[in-house]
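Take a look at this one; I'll ask things after.
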Amino acid sequence: MKSIFLLLCFTLLTLSSNALVQDFCVADLTIPAGPSGYPCKSPSNLTADDFVFTGFRKAGNTSNLINAAVSPAFDSQFPGVNGLGLSLARLDLAPAGVIPMHTHPAGSEILVVVEGTIVTGFVSSANAVYVKKLVKGDVMVFPQGLLHFQANGGGRKAVAFVSFSSQNPGLQILDFALFGSTLSSALVEKTTFLDDAQVKKLKAVLGGSG
Amino acid sequence: MKSIFLLLCFTLLTLSSNALVQDFCVADLTIPAGPSGYPCKSPSNLTADDFVFTGFRKAGNTSNLINAAVSPAFDSQFPGVNGLGLSLARLDLAPAGVIPMHTHPAGSEILVVVEGTIVTGFVSSANAVYVKKLVKGDVMVFPQGLLHFQANGGGRKAVAFVSFSSQNPGLQILDFALFGSTLSSALVEKTTFLDDAQVKKLKAVLGGSG
Amino acid sequence: MKSIFLLLCFTLLTLSSNALVQDFCVADLTIPAGPSGYPCKSPSNLTADDFVFTGFRKAGNTSNLINAAVSPAFDSQFPGVNGLGLSLARLDLAPAGVIPMHTHPAGSEILVVVEGTIVTGFVSSANAVYVKKLVKGDVMVFPQGLLHFQANGGGRKAVAFVSFSSQNPGLQILDFALFGSTLSSALVEKTTFLDDAQVKKLKAVLGGSG
Amino acid sequence: MKSIFLLLCFTLLTLSSNALVQDFCVADLTIPAGPSGYPCKSPSNLTADDFVFTGFRKAGNTSNLINAAVSPAFDSQFPGVNGLGLSLARLDLAPAGVIPMHTHPAGSEILVVVEGTIVTGFVSSANAVYVKKLVKGDVMVFPQGLLHFQANGGGRKAVAFVSFSSQNPGLQILDFALFGSTLSSALVEKTTFLDDAQVKKLKAVLGGSG
Amino acid sequence: MKSIFLLLCFTLLTLSSNALVQDFCVADLTIPAGPSGYPCKSPSNLTADDFVFTGFRKAGNTSNLINAAVSPAFDSQFPGVNGLGLSLARLDLAPAGVIPMHTHPAGSEILVVVEGTIVTGFVSSANAVYVKKLVKGDVMVFPQGLLHFQANGGGRKAVAFVSFSSQNPGLQILDFALFGSTLSSALVEKTTFLDDAQVKKLKAVLGGSG
Amino acid sequence: MKSIFLLLCFTLLTLSSNALVQDFCVADLTIPAGPSGYPCKSPSNLTADDFVFTGFRKAGNTSNLINAAVSPAFDSQFPGVNGLGLSLARLDLAPAGVIPMHTHPAGSEILVVVEGTIVTGFVSSANAVYVKKLVKGDVMVFPQGLLHFQANGGGRKAVAFVSFSSQNPGLQILDFALFGSTLSSALVEKTTFLDDAQVKKLKAVLGGSG
């Protein structure tokens, strides 16, 4: 019986190994990406390590002005998510930490608090505000492309994981877009109604030119 | 021969009128929408008018602070776009007009200038700035979810049409999200690094509370 | 100046509140779902609580045979994810805990360990096996529809969060599909090559009939 | 042991029966469809019959002018395909049978000949022509929206099954669109360069008005 | 304070410049496209010009038989639309101009008249006809894959812009597919019921062979 | 008149041949695939043969243990389906034939019986069983990712065609994943509750190691 079973085995294995190169598509970052992501590495060269990301074992470095860190595991950092339509990031917030107002242009987000307390929220296109103080275990969603933020809501360190409906959700931080770029002060002021002094003050510290 | 042809006619017409209720899906705005849009009106009640929008015959009213107007033909205004994955808006810019910094959370945009001159641009997630002065006939694209603006670039009225890769691309105007909403001044300041005086000044004029 | 600004405010607010009913689509679970999810609740009735899920504050109950619990926050449990293309679940594994071999027919998965050690892996269509022991902070992806499992890999409790590229990824647990359903023993044996005694033993304990 | 297993059973079954209402979405044709299809029938009322279509047991009636029949199993005829992104149709071609030039606006097609010989082909946007005589077992694809046709290629009956990448691919038959509709002869002639006599001749037999 | 801010700046900038290579995907036309479009140019080499198309400054040449011109800004002409799911074209219609009956196999269309008067319409799969005379500013949609046309509806030049829900919507002009291709007269006649004389007359002028 | 028509011809042909490289995307299997499929062959090198698959003219070889054969025409075997979102396979079942329990991780399936009788069914995430005996002409659907099987239901040969909502639906055969892979017996037993003897017996015949 064994030999007959093996015949079956070979027949079907041949079939399936030919047919199924795209259960997954671990990114080959050395080839230019297209609109749906990076070309796939050959399945024959993959190991479990291609599907595992170990960069979140340690907390991100929060010794900075915002007392916080965002550590992404998007396709560039974690090629295993390429083509799967999801990705992950780790948020670390020291007691005074804040992830400034930002958007993810290309994905919705779901956040779960794993340590501490976080005040977080978003503003809708209709200018409705949805803000909540979350404790450990709480979950909040942030619909694609809407302005949102996270801030430590307690007196101790907070940690959260956020996942996205895209392998590459993008991250546009408002202050960097306005004050850390080459957008001229004149255009910033004209399009935001901010005062010239305010714009120049923030451009100075964030390195914006123009 | 005619009668045989008509037999064919009836046979195939019966087939196709049964089979094909979803060439299009004109929105029935009286029923709750779902994630992919509104339920469809019955095809038997539709006329050409359901696929036509006449709201852009006249310029939008630019007698306001921004000297500009955005007139959308999204699914709520133009039920014929429901389910088609596109929509349109008209931009009118008086000589000093500006469409303030904003995003469309749910769609990319393509703009064509049909009158006058427009200075427009966007900022990428990598804080790169792409700004250009466009003349009549020029086209620019704005990738989904990125901050962008339009401003009159000449001494006379300008008009553009912008279309979107979504029947409902959304529109989040930065100033209204921050200063015209119920987001507290404390949270605005904490998440944008703007000064308290600046925030309160703009909240006062834009009606923000909290 | 304030009054002019307010004029702008009213103009644009009117626009945006009309135009943008679909930044999000919190599920109205009382109306039948369609292929893309549930119909949306009216935005005017929503609060931050509609976007928050608090069901993960406590560990799932692992006092069962598998010494483990899967607690989903899919659209049925957390209507706020409807239409966003993502969802979340909490995994609790007592020291001997195991989430048995299963698939998610409708979504890929990304797992992050937040406590303890987990041995986890999946099998591809080409019958390649990708198994790894993960420690706290480690992340692994499981491509859509492939058989995978999680088992406690240490001597103490383990907890993980898993998110999905779908608001409703599904969950087909192999043993329940085969031995806890009405699929007849004859068909199970014919289509799996399992022995009759094995099938009947597991059907007895898992409640399968037929 | 059995009772403990049953405890597990109940725990997980409760979970999965709540979580998984959308493995499939059998159409409730009594409720208006949306852009992604019809609302779903309640899973609790479904049987195997909801996923089975028996309308192809007999050949379609080819006693008509085209000596052919197209029998669709689209969502309207076979509610089980709703939301699955595919559908099927049966083609019957008597010896002189022809399925006239047509398009499927909303789906690509794959055809397999199960009896007889079929000459079939399509024209691309670049006006390239791909025509082939197929025998039993042969397969051909027709990319979405392109003009194509099928004609009996032998002296005996031919049968094919065609499946589509959509639950509702649509079917626009060129002659009916032009000559069996209310499109005026003047507009047909102006937009096709066909002669007036030709247009009126076909309108007469196909029942077109205007 | 500036130096601390700059520390933040560098930290976050590093993050975002790594993470976000796919806000957009300007086509590199020198590499073969895939199903979702062309591979992306490196973001570091892009300028605003990559997102701008200036080919519509002048009217298309209408000195031809149809007294009309279609000028596309699809991905091949305007690489900036690659991956964005939209594109644009300019229509010029001299007083007697007509864009003959055609389809876009891969995208829906939205048209806005910017000069003159246009009679336009489409035919549905159910052979319903939706025709309308549009004036300047009017908008009409044409669902994906359906036969439609545009004709000058007044005594003077008309111009319209049409945008599509695809970066490459395709364009199949009925007369060219039937009479300007290598499809044999016999097959054209068999699949359209047109008379032999009619087919040969149009093939002669449109260059069709076979 | 002919020369003027030809002028039109050249004008429009130039337009369309430039614009429309992606009506289809026949796979170039020599270049690495991406998440949406393989890069496209140049349209200028294609013939009708690129859209035709002749591998189903003969029955698959059923001289094996399962007395059955699955012959796929997925993208690897039939490059013409690349990018079209569908594919096909032929099933041959000798009188005792069975296609063992399996899933297609990346696509839904629609089956039509073209010869003989087939007993087939699937199990849902809620562990509901949908089984049916199908005769020639009958059709059944199998939603994406769910366990299903096909078995000969009569005393003679049976043949079916199955098509999929994906160019590469995948195929995970349960027995091969569990017993024909390198997954260790310990892990198989732990995650399936199968007895050690059962696991080792099937691993022996199916060639599994570990």
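A, B, C, D, E and F are the chain letters, set down in written order, and residue numbers restart from 1 in every chain.
Note that a residue touches a chain if its C-beta (ideal position, glycine included) is under 8 Å from a C-beta of that chain, and two chains touch if they have at least 3 such contacts.
What you see is a predicted model; the values in this text were computed from it and never measured.
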item	value
Joint neighbours of chain C and chain B, given as chain labels	A, D
Chain copies touching (chain C, chain D) - same or different residues, decided at half shared	different
Centre-to-centre distance between chain E and chain D (centres being mean Cα positions), rounded to whole Å	26
Centre-of-Cα separation between chain E and chain A, whole angstrom	34
Rounded Å distance, chain B centre to chain E centre (Cα mean)	20
Residues of chain A touching at least two other chains	13, 16, 19-20, 23, 31, 33-37, 105-106, 121, 124-125, 127-128, 131, 143-144, 146, 170-172, 176, 180
Chain-chain contacts as defined at top	A-B, A-C, A-E, A-F, B-C, B-D, B-E, C-D, C-F, D-E, D-F, E-F
Chain C to chain F touching residues, read off their complex	98, 100-101, 103-106, 119, 121, 123-125, 127-129, 131, 143-147, 149, 151, 170-172, 174-178, 180-183, 187, 190-195, 198, 201-202, 210
Chain E - residues contacting chain F, complex	31-37, 61, 64-66, 69-72, 74, 76-77, 105-106, 168, 170-173, 176, 180, 204-207
Chain E - residues contacting chain A, complex	1-2, 4-9, 11-13, 15-16, 18-23, 25, 28, 31, 33-42, 82-83
Of all residues in chain B, those that touch chain E in their complex	13, 16-17, 19-20, 23-24, 43, 46-54, 56-58, 73, 78, 80-81, 84-88, 90, 108-110, 112, 114, 121-122, 124-128, 130-132, 134-144, 146, 161, 163-165
